[in-house]
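Take a look at the structure below.
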Amino acid sequence: MIKTWNELPLRIKVCVVLLCVVLFTVLFADFLMPYDPDKTDLLHKTLSPAFMGGNAEHILGTDELGRDVLSRVMYGARISIGIALFGLLIGCGFGLILGLTAGYFGGWWDRVALMLINFQQSIPFILFVLVGLVIFGRSIPVLIVLMGIARWETYAKITRGLVLSLKKKQYVEAAKCYNASPLRILARYIFPGVRTYLIVLITLNFPLILLVETSLSFVGIGVQPPTATLGQMVGTGKNYLVMAPWISIAPAIMIVVVAYCIQHIGEHMRERFDVRLLEK
Amino acid sequence: MIKYMVKKAGIAVITLFCVLVFIFVFARLTGNPFEIMYPDGMAPGQLEEYNAKYGLDQSYGRQFVLYLTNAFHGDFGDSLTERRPVTDIFFSRAGETLKLGSWALLISVTLGVTLGILMALYQGNILVKIADHTMSVLYAVPGFILAIFLLLIFSYSLRILPSQGGGSLAHYVMPVACLCIGTTGAIPIIRHVRNSILETLSQDYIRTAVAKGIGKKKTILRHAFRNSLIPILTQISIVMVDILIGSLIIERTFSWPGIGTTLVSSVMNRDFTLVQFSVLMLAAVVILINYLLDILYMVVDPRIEVEGSKT
Amino acid sequence: MQMHMGSRVITARITALLLVIFMVTGMAGCNSQGSSPSNTGNNAEHFRIAVQAMPNTLDANAASSNAGIQIYHNIYDTLVMRDTHANEVKFVPGLAESWQMIDDLTWEIKLRPNVKFHNGSTMTAEDVAYSMNRVIKQEDPAYLIVHSYLLANFDNFEVKDDLTLHAHTIKPEPLFEHLMSDSNVGISCKAYVESVGLDAAAQAPVTTAPYKVTSFDSGQKLELERFDEYWGEKAPFQKVTYTLVPEIISRITALQNKEADFVTNIPPDQEGTLAGNPDIKLVGDVLQMYHIYRINMNNPITNNADLRAALSCAIDRQALADSLWDGKAEAADSPQFSVYGEPLFIADNHDMQYDVEKAKELLAQSGYNGELIHIYNKAHYYTYADLAALAVIDMWKAIGINAEFVELENVSPSEDIEIQTWSNPLYYMDPMGYIERAWAPEGEVATPPINQFVPSEEYIKQFEIARYNTDIDQRVAALKAIYKFFHEETPFIYLYKPYESFGMNANVHYEIPRNVRTYVIGLRAGEISFSAP
């Protein structure tokens, strides 16, 4: 699984480097941001970025309330990526546990799990998120949980399928003969077989979740202002596209870059690991 | 076979019922629609009168029973905000979305399958490589960004395409284009088709066929594509559902009066009756699609286990 | 092999069938009845308006929202009408030819003869009585609001003969003309409503107005057509379409593209987008409403009058108007509107002033201990309310007040809310036009569930005089007492009158109608014209 750095294609290397830069910015945003992202300055509204005629104080200009765009993009990236990441982990964790247990133990629990999966699949994702937001409010924790809950059935289904096929392998049967506890079997034999596939799945799904969060914020039903998320910045910025396009363009570029890089890496991993899986 | 179909149908109906109960309860947990209707405040006593008129002051159980009895007669209630039958509202708006969605689906599938096959056939070609890169970038662009930039360029600056409403063919161009590019459109289909074909091509029996002299192109069109049909169909069903989500953004930006905006505003307005019916219908569509897919799997390849790992 | 071939054929056939279904639906979509045709040739034929919001109902008695008022003025006639060009409010005969108070509690109304409804029938006193009485009797929960601020003082409208009515009031009614000239008490056709029911009539009303409704979909558009048998001067346009376009960028693009001739709700900072385009002009004005903060007099923190007064004095309203609104908004200086005309407008009242020293003094007097105050705002509702709140919080910080901004989808009334954003529009051109609606002693703010306004005994007494007394000098004296109460108790903080523009084709001749509620779009004869270039 560990590939040496030099063997990776150039495209992937670029993506990884870019992602590291973004990750670094996101983690240390508090120290890197030149201004407070929420501080308004109504006397300096919609200033142009430094390279478009504005002054060097605001490299990416200011938005319609005088807030520094660069700081907001940094901070917004943290929030958007954070929501997507944690949501993904929650969904994956939940789906993993359900899929593992359902696939391994089978019986009535499996049937219940299948019904749950079926049920979850039938409700349009967007509706689920919407209703959840309206009931529980539009705070960040709520959004994270909703992002997670809304997609768990994908992981559950796939995990369950994998477990079903792995269950029949000889080494699992052998372990059962030796009275190994289910937990041990799950942990030592089944989980590793599932793990790599899941990692690929997470990587591939991350951009999708990110895009969903940004889309919701764009329409105005995601995280509420003045907290900045990338989608929301593009959303409010769209009203100023003619006069001050940088307000939308900067966060949009950030979204595209992150989504593109992660996707690429995910595709690359899928190509590598899928081959392996097929060979098993 | 029949037994399988009937069993699946039963599960589908039960799922639909569960969805109905779920949305019935949760919609009511979101608040009161009349408070929303009067953001500047209501007259004293007005809220009580509204609640009484629409039965919202009764227990959930009673409300649900009443709802079901009416539903069996085809009466799904009136929208609480628009005061006309929800069936009218839903079907007219869904019709609008369908107009966009069906064109988008048609174009996405046609383009997707064709381009997917072509890209698998001519894998080493430089044009294909460029197309691949472009697709990667486009896939990462969220639909709403694409929508507003198209609007800006073609409507505002160039003024060659109308910016809102629907009616003439020109009105369809931008919204459909937005739906076809990006995560809801042709690109995942292209990718899936190409990958499936390439995978199948590398399998032993295909190589045998090629070695026998049948010719690569014919082989692909005959065997590889057919065997990739299932994952392709799965992908198409995913795209169909995603187009609904995509249409939400598109409809908003291009002022297209479809089901996406209606859905969002009905949830925001706590319009219970409309939300219930919309969710019921949409869930029914999704369940139906999955059901048909299951049947299709059975028909196309009976080797697939009935309750097994369908990955 | 046999099996595979068979299943392949089946799959192919199913796919083909699906494709055909989609194509047919798609074709059907293309052939649908078109939307607004592009406007070439004689422009006075079809006028296209793009609006930000559309009402849910066309029953004027059922809604007093801003979205509705854009439309009702043009599809409902009232008994009394106002001259929309006059500098001061002037009443003219509408559906009623004359009206007079025949005793303390009765007004006699003589109707105009031979007025036709859109369905051809003739208007009689029965229709007027029906339209009014259904609101008075509150036949639908939706009527309660209109009842509360326009017809609360009416007991019943009695038909005397085909063209004569007696309106019986509960107390003497000095504001009769103001109330009877509001579109929300427009007249509907009794026979029609009784035959199709309230809900259906609300989607397709039949009235006497210069325009009749030909189609309505509240999520999409409204289509009107000129009524050729109108009793007064005929409408300028043969056809009018209101289209719902909630996004500002889409409205602006529609105007630029000539897809719309007239668009609503252009805030000041978007004016730059349209500047420099010779085909477009902006017509704007200060709106007859104040954006306000409603303070909860029953909340444990804000139940202190000195604290409330301090909050008010610490706000530099002119600075808000200058920075947020490019100076176009009008900073509030007293709780009244100059449109009342004298003597009802008290010219020397300037009691809303920015005075930091006084604010600090009042704050010290109040015994404020740094408690956190929240400003609650309904998201995306009042233009720039969020920005104003953030700026105000900074101003308060400067004198030592701790405050935070909370934005919600919807703000439900609660005892825990200290301050909430709100607006006080002027419903009719008299001081009671906003005082009664918002600050009546038994009104919505003073009673549950809101329960935030605590009027004093004196206030209740003065309100009664200001509202019902027929002698104008007594009313003025009572109003002065009311303003004194507002100044001492600070139940609300007026910020400014906001400014908004309409964008329109440069060939449209339009003046924002006067003497009517804010947001009315005037499409009647004499209010607008659109000459072909």
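Should a chain be cited, it is by its letter among A, B and C, assigned in written order, with residues numbered from 1 in that chain.
The definition used in the following text is that a residue touches a chain if its C-beta (ideal position, glycine included) is under 8 Å from a C-beta of that chain, and two chains touch if they have at least 3 such contacts.
Remember, it's a predicted structure, so these values are computed and weren't measured experimentally.
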Query raised in the report: Which chain is most remote from chain C in terms of Cα centres?
Result: A
Query raised in the report: So which has more C-beta pairs touching, A-B or A-C?
Result: A-B
Report task. Please report how many Å separate the Cα centroid of chain B from that of chain C, as a whole number. Result -> 38
Report summary line: So, in whole Å, the Cα centroid of chain A is separated from that of chain C by 43
Query - Cα-centroid distance, chain A relative to chain B, in whole angstrom - result: 21
Requested in this report: Scan chain B for residues touching two or more other chains and write them down.
Outcome: 31, 148, 156, 252, 268
Query - Residue numbers of chain A (touch at least two other chains) - result: 134, 238, 241-242
Report task. Could you list which residues of chain C touch at least two other chains? Result -> 247, 249, 252, 409
Report task. Using the touch definition up top, name the residues of chain B that touch chain A in the complex. Result -> 11, 14-16, 18-19, 22-23, 26-27, 29-31, 136-137, 139-145, 148, 152, 156, 183, 199, 241, 244-245, 248-249, 252, 263-264, 267-268, 270, 275, 278-279, 282-283, 286-287, 290, 308-311
Query - chain A residues within the chain B interface of the complex - result: 115, 118-119, 121-127, 130-131, 134-135, 157-158, 160-162, 164-165, 207-208, 211-212, 214-215, 218-219, 221, 231, 234-235, 238, 241-242, 248, 252, 255-257, 259-260, 263-264, 274, 278
Query raised in the report: Touching chain A in the complex: which residues of chain C?
Result: 247-249, 252, 269-270, 272-273, 323-324, 379-380, 386-387, 390-391, 405, 407-409
Query - Residues of chain A defined as touching chain C within the complex - result: 40, 42-43, 45, 64-65, 134, 137-138, 220, 224-226, 238-243
Report summary line: Residue set of chain B touching chain C in the complex reads 31, 34-47, 49-50, 53, 78, 81-84, 89, 92-93, 98-100, 102-103, 105-106, 109, 148, 151, 155-156, 159, 162-169, 171-172, 226, 229, 252-255, 257, 261-262, 265, 268, 296, 299-302
